[in-house]
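Residue numbering begins at 1 within each chain, and the chains themselves are lettered A, B and C in the order written.
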Amino acid sequence: MNEVQDLSVGPPVELAVFSGPLDLLLHLIRKNEVSIYDIPIFAICDQYNGHLRAMQELDLDVAGEFLWMAAWLLHLKSKMLLPQTAAEGEDPREELVERLLAYRRVKELASFLHDSDLVRRGLWGPAVAPPTAGGEETELDWEEVDLRLLAQTYLDVMQRFAAAHPPPLAVLPLRFNVQDSMRDLYSRVLDEGLVPLLRHLHSRSDPEEVVTMIVATLELVRLRGVFAEQRRPFAEIYLRPGDHRLDPEELLNRGVVNG
Amino acid sequence: MDRAELTAALEAMLVTAGAPLSAAAAAEALGEPTLGAAEVGEVLEAIARAWDREDSGLRAEKVADGWRCVTPAQLDSYLRALHGVTARQRLSQPALEVLAIVAHRQPVTLPEINFIRGANSASVLRTLLERRLLRLAGRKKVVGKPFLYRTSKEFLIHFGLERAEDLPDPEELLKEESAAID
Amino acid sequence: MDRAELTAALEAMLVTAGAPLSAAAAAEALGEPTLGAAEVGEVLEAIARAWDREDSGLRAEKVADGWRCVTPAQLDSYLRALHGVTARQRLSQPALEVLAIVAHRQPVTLPEINFIRGANSASVLRTLLERRLLRLAGRKKVVGKPFLYRTSKEFLIHFGLERAEDLPDPEELLKEESAAID
C-alpha cells in the first residue's frame, strides 16, 4: 500500500480501484489516520488534488464526479479560511461528514455482500429433471416480471412483427417517360426556335414531370439535338436547335441507333 | 481426500450433472492421482445403495455410459402436482407477450393482438383475464364489434403505477438507462 | 402417507423444483388434508438437518420464502472441473455498492443512488437489472416520476437471504470491525 505522502514520487498503482470521489476521500482519511468528524481540509484537499493529477497522468478517465468533489473541497477550504463568528457556529464540513458516514455504511454492506458473493457463487443447484419436464416453454416468475421486462418483451414482439411484415417496396408505375418528354421538347424547340426551359418547368406542378423534363433536356443536350444557354447565373435557360438533327429512331432509343 | 468428502463430491456431481456421469469423468474432475475410475465407480455404487431407501427422494441408476440421478417413479404424481401448483404463480412467454402488447397499445382487440403476434392468442388472453391482469373495456366500433382489452388495476399495482398513462415508453425506458451514463 | 414417503417426496421436490420451494406449495402438491404447511415445513427442516453431513453432497437452505437445494460451497472446485467452468464473473465494487444501497433503502431512485455513492451509477444499475439482481418497481410520485428500484428474488437466492431485511445492519458491521482491530 502506498503512503499518501509518497504522491510526489509517483502515482500509486491502486488508483483505479476507487469507485468514486467519496471512496477516495475515505481512503485519504484512513491513510492519514484522522477522524472523519474532524477532517483536516487543507491537507486532504491537497492530497485529493494530487490523486486527481496522478489519475490524469495515468490517462485514467477522470469522471466529472471527481472534479465536482475537488471543487467542493476547494470551497470548504476557502470557508475554513474565513474567521468563524460565534453566531454562525456551523461547521462547513458538516454535510461532507454526513455524506462520508452514509457512504461508509454503504461500503461496509458492499464488503459484506462481496464476501457472501465469494462463497455463494460456489453453490450449485441440482439438475435433476422433474417427470413433467421436457419440451415445455420457459415460464417466468410473475413476481419477478417488472416494467423493464415488459418493455423488452414488447420491443421483441414488435421487432418480430416487423421482420415478418417487411414494408412493401413502393414501385409505382411511371406516369411520365423520358422518351415522350424528349419528343415533346424537341418538336417544340424545332417549332419555336427558342424555348424558355425554366418557365416551362415552373408551369408544371407535378415534381415527377419536372424531373422527367430535366432528364429529357439533358439527354437532348447530350445528343446535340438542342443547345442550352444561360446568360448569367439564375437567369432563364433557353433551348435552341442543336447542330445534330435527331431522327425519330434516335429520339426513341436515346441516341442508340442500330447499324 | 477422505471417504466422506469423496462421497459428498460424487453426490454433488451426480445431482448437478444433468446427464449420465461416468466414473472416468468423475475421477478426472476429482484430480487425485491415486483415485482411478475403478475406485470412484465403487463409491458411486455405494451411493446408489445408500440412496435406495424408502425415505429418500433420489435414486442413482446405472445406464450405458455411467450413473444417472433420478427421482423414484412412485413419486411422480407429487412432482406433477407440484409443477401444477407452481405454474399458477408463473407466466408463460406467450402470456407475457400478450400482456406487453395490451399494456403498450391499449385499448386493443384480439384480432389486433393476433395480427401482431402472428399467433392465436385467445386462450392466453382468457388466462390473463382470469388472473385479473387484463380487463374488458367495451367494443370497438368496427365490423364485428370486437371486444377491447385494457390492463387492470391489479396490473398497475404489480408494476407500482398509478395510471396506465404512467407506463413508460418501451424504447425510452431502455434508452434512458443507457443515456443517463452521461 | 407415512413419514418415510413424505420425506422422500419432499426430497424429490427439492431437487427438481428449480426455484425455492415453499412449504405451502409443497403441502398443496402432496394433497393430504391433514398435512398443512407447518407440518411440511418441519419435515423440510428435518431434511435440511439430515443433509448437513460431511459425506453429503446436498444442502437445503431457506431463501426467499422457500427451501432451496444446493451443493456445499467447498465442493465448488470439483464441480467446476467436472462442468468445465473456469472463471466466473465477479460483481464489481460499484455494483456491490449499488446493491448495498438498494437492499438497504428500497425502493430507491437512480438520483438517490447517485447522491449516496457520489458517483453516476446508471450503467452499473443497468447491468444489475440485466443480471436480474435488481428489478424496476414502479415510479416515485415526485416531479419527473423517476423509476424506483428494488432487489429481486434472484438477489435473495444469490445471497442466501429469506428477506432483504435479513442483511446485517451496516452500523453493526462497523462496530464489529473496530472491535476486531482492538
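Heads up, the rule we're going with is that a residue touches a chain if its C-beta (ideal position, glycine included) is under 8 Å from a C-beta of that chain, and two chains touch if they have at least 3 such contacts.
If you're wondering where the values come from, they're calculated on a predicted model, not measured in any experiment.
**Student:** Please tell me whether A-C or A-B has the greater number of C-beta pairs in contact.
**Tutor:** A-C
**Student:** Of all chains present, which has the mean Cα position farthest from that of chain B?
**Tutor:** Between chain B and every other chain, the largest centroid distance is to A.
**Student:** Measuring centre to centre with CA averages, how many angstrom lie between chain B and chain C?
**Tutor:** 17
**Student:** What is the distance in Å between the mean C-alpha positions of chain A and chain B?
**Tutor:** About 36 Å, centre to centre.
**Student:** Touching two or more other chains, which residues of chain B qualify?
**Tutor:** As it turns out, chain B has residues touching two or more other chains at 12, 15-17, 58, 69, 71, 79, 82, 159-161, 168, 173, 182.
**Student:** What are the residues of chain A that contact at least two other chains?
**Tutor:** 64, 124-126, 128-130, 141, 143, 146-148
**Student:** Looking at the complex, which residues from chain C come into contact with chain B?
**Tutor:** So the residues of chain C in touch with chain B come to 3-5, 7-17, 19, 21, 25-26, 28-31, 53-58, 69, 71-72, 75, 78-79, 81-83, 107, 110, 120, 122-123, 125-126, 129, 136-139, 141, 145, 147-148.
**Student:** For chain A, which residues count as touching chain B in their complex?
**Tutor:** 64, 124-132, 137-143, 145-158, 160-161, 164
**Student:** Contact residues on chain A for chain C in the complex?
**Tutor:** 17, 19-23, 63-65, 69, 99, 102-114, 116-117, 119-126, 128-130, 133, 141, 143-144, 146-148
**Student:** How about chain C: which of its residues touch chain A in the complex?
**Tutor:** 15-19, 58-59, 68-76, 79, 88, 90-94, 96-97, 99-101, 103-104, 116-120, 129, 132, 135-138, 147, 152-154, 158-160, 167-168, 170-171, 173-174, 177
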